[in-house]
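Common to both upcoming complexes is chain A, partnered first by chain B, then by chain C.
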Partner chain A sequence: MKNKSRRFVLTDILYIAMMIVPVIIGIVIKTMTRPVGDGVSITGAQVYFKIPMPIQDLIISESQINSLIVMISVFGLCLYLTHGLKTRNISKRQHLAEWIIEKTDNMVSSNMGEFFISFSPFIIAMLALSGFSSLLTLLGLYAPTSDLNIVGGWAILVFILITYYKFKCGPLQYMKSFAEPVALLAPMNIISEIATPVSMAFRHYGNVLSGSVISVLIAYALGNLSNLLLGFLPGVLGDIPFLRIGIPAVLSIYFDVFSGLLQAYIFAMLTMMYVSGGFPSDLYFKRKNRKIKN
Partner chain B sequence: MLELAIGIILGGCALGAGCAMIAGIGPGIGEGNAVAKACEAIGRQPESKGDVTSTMLMGCAIAETTGLYALVIAILLIFVAPNMLVNTLLNALGK
Partner chain C sequence: MQNLDVISINIWDTLISLANLIILYLIVKKFLYKPVKNVLKARQNEIESQYNNAENAEKKANESREQWEKMLSGANSKSDEIIKNATDTAKMRSETIVNEAKERAQGIVRQAEQEAILERKKATDGIKKEIVEVSSALTSKLLEREINKDDHRTLIDEFIEEIGESYE
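And now, the complex of A and B:
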């Protein structure tokens, strides 16, 4: 394994740079544009610039830039993991890549059935994007998932997928699915259809945002508390909030890491359930078989 | 007079946010029930721990939704509504 060609190593370095450089650029942009303060402020995403458009100005904000950063980094990670694939004597990174693909395929086929196995790239993309977006707070960047616009976009995408698979048996069948079990319940069914993307977006956004708000509030409270308790120390020592060192990091294990990854998992899980649940599989396969016979 | 009006707006927003978070009771009870039942199930069938845990996390997340709606409303009331309402008031008074 030692005699890797020079080109292989150079490509590897390029891919690793592709993972790391966007994040560093994001941190630089953040430190350049962030107004000076004591670090305790709860604001939405910072707006970088506006592009004038006929109906409404197109706002380019922190969350858009950060989600692009995540996309490029994940793309670099994928390229790095799949670089130099072999059939025998495989490397560690190929082991990891194969493990990820196998796990996703298993998850998709056990939750959605064999018909939807082609969904697994979409599901793993969703998982990676959502998970890494939430983990971006660990580097001090604004998490795109705590912006309702980003998560709302994903939820609308999932809603389009659900509707597409409901339409597979024709528009008549789609209309009929609202009148179940009785036609009287149609308004209720329509409301619950609209509530699906809304609740998906709000769940993800609310969890991540509440975590970051609570973290900021705790950091603020600890700063005040250390002023109260350790304010008697002479000179500069009295001004440094000592209690703020370390303690918020313990809480961020739950609020940033666990909560973010759990929400990514739940978003992917709900996507699978709604798409496969809305699809009228019995009727579809019956019609398909009839077509094949004729 | 204007100070009083702005004070009422700010106080109303804070009270509203506090009242909205009463909704946190429901998900708390619901998730507690779910976890209790999951523990019982694992106690009965320890070999199904993985399945039960993933289903429980899923159910907890869905039960949490109502609480999160309340949270979103509370956050809007605290951070967004005061500015907006005060601006509306000032515009209405022509100041």
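And now, the complex of A and C:
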């Protein structure tokens, strides 16, 4: 293990750089473009530039750049974890990679059944993208998950998947599923069908956004409180917001780390539930068996 | 620089984010899921092949052990047979030896008996001869002398004495 080849170590360094450099670039862009201003301002993502498109302008904002950063970092992480896979005498990173795969496989097969085991990489991607996006707030970057468009896109993808699996038994069966248990409830069923992606998107987006809003408010409040209590200190000492040291970090463990990861987990869980719940598995397997017999 | 509103909806941004998730799914599938799965499968295969090898080796070992045991038991029965044969031949030989000895002894005894009978015959023949001689002598004496009572007695006594002497 000690005698890794030079090439191996260099590739490792490259992969680690692939994980870290995008984040650093993001921080640099953020610090360079942040408008100088005091006070609390709760706004959406910063807009870098707009590209004219039909219907609406394509806005390249902080959230787009940051999700790109997360994607490149996750790509680097994937490459790093799978670098130098062996069948025996495995390294720690391979342990981690196998642990991730086994855990998600277990989660997917217990929540969705063996039929949906191909969803495993999708769930990993979703957890990684959502989780790391939320965690970007720890570095002072704008979390893409607190942008409705980003989470909305994921929710729409999930909606497409749900509908695709509902269509597996033919369009007639799909139509029939709305008239259950009685045809009178069809409008309600349609509303709940549309409500699924909307509620998913708003739940995730709202939780992360509210977390960062509360973090900003608390930091601001603590700064003022510090001025009020310790403002009598002479000179520069009075200007330093001492209460801002430490306390916001502790709170951000809940609002940024815990809440963000929890929302990622909930989003993945709901995806699995909705996709496997909407799929008429009994009918599908019955028809499949009949086909095999014929 | 302007900021977006807190709630803003943009179709293109939404679509890009949707595409991002798909792209990341493909990346994860190609660069994390597949390689790890392949390695797990390879390990499974390796373990299975090793198990098979171990089973084969065990089977072989068992076979050779059985062979050895068979050979060993064969050797045992063979040695038993040899010993049995040896004891049988020894018994037979000893019996024949004993029988021969017995026969010989009987022969010797018979010979001895015959010899004894012969001796006896010889002896009786001698006695008879003597008796004849004595009686002839007695008759000759009787014929020489007149016979009275006393003479008679002494004659008989003499005769007996003579017989006794001749017997001794």
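We take it that the second predicted complex is superposed on the first by the 290 of 294 C-alpha atoms of A that agree within 3 Å, B and C clash if a C-alpha of one lies under 4 Å from a C-alpha of the other, contacts with A are read in each partner's own complex, and residues count from 1 in each chain.
By our rule, contacts are C-beta pairs under 8 Å (C-beta built on N, C-alpha and C of every residue); 3 or more make two chains touch, one makes a residue touch a chain.
This is a predicted model, so every value here is computed, not measured.
Engineer: Clash or fit: chain B and chain C on chain A?
Structural biologist: Superposition check on chain A shows chain B and chain C fit without a clash.
Engineer: First (chain B), second (chain C), both or neither: which does A:Leu209 touch?
Structural biologist: Both: A:Leu209 reaches chain B and chain C.
Engineer: With both complexes overlaid on chain A, does A:Ile247 touch chain B (first), chain C (second), both or neither?
Structural biologist: Neither chain B nor chain C is touched by A:Ile247.
Engineer: Have a look at where A:Met19 lands relative to chain B and chain C in the superposition and call it first, second, both or neither.
Structural biologist: Once the two structures are laid over each other on A, A:Met19 reaches no partner at all.
Engineer: Who does A:Ile27 touch here: chain B (first), chain C (second), both, or neither?
Structural biologist: A:Ile27 contacts neither chain B nor chain C.
Engineer: Check the residue A:Ser199 against both partner chains and state whether it touches chain B (first), chain C (second), both, or neither.
Structural biologist: First partner only.
Engineer: Under the stated touch criterion, name the partner, chain B or chain C, that contacts more residues in chain A.
Structural biologist: The partner with more contacted residues on chain A is C.
Engineer: Contact-wise, after the overlay, does A:Met269 reach chain B, chain C, both or neither (first, second, both, neither)?
Structural biologist: Only chain B is touched by A:Met269; chain C is not.
Engineer: Looking at chain B versus chain C in the superposed three-chain picture, what is their shortest Cα distance in Å?
Structural biologist: Minimum over all C-alpha pairs: 6 Å.
Engineer: What is the shared patch of chain A, the residues that chain B and chain C both contact?
Structural biologist: The overlap between the chain B and chain C interfaces on chain A comprises residues 42, 209.
Engineer: Within their complex, state which residues of chain A touch chain B.
Structural biologist: 42, 199, 202-203, 205-207, 209-210, 213, 262-263, 265-266, 269
Engineer: Looking at the complex, which residues from chain C come into contact with chain A?
Structural biologist: 1-25, 27-29, 31-33, 35-40, 42-43, 46
Engineer: Within the complex, which stretch of chain A touches chain C?
Structural biologist: Residues 33, 35, 42-48, 53, 55-59, 61, 63-64, 67-68, 71, 74-75, 78-79, 81-82, 85-88, 94, 97-98, 100-101, 120-122, 124-126, 128-129, 144, 147-154, 156-157, 209 of chain A touch chain C in their complex.
Engineer: Across the complex, what residues on chain B touch chain A?
Structural biologist: 57-58, 61-62, 64-65, 68-69, 71-72, 75, 79
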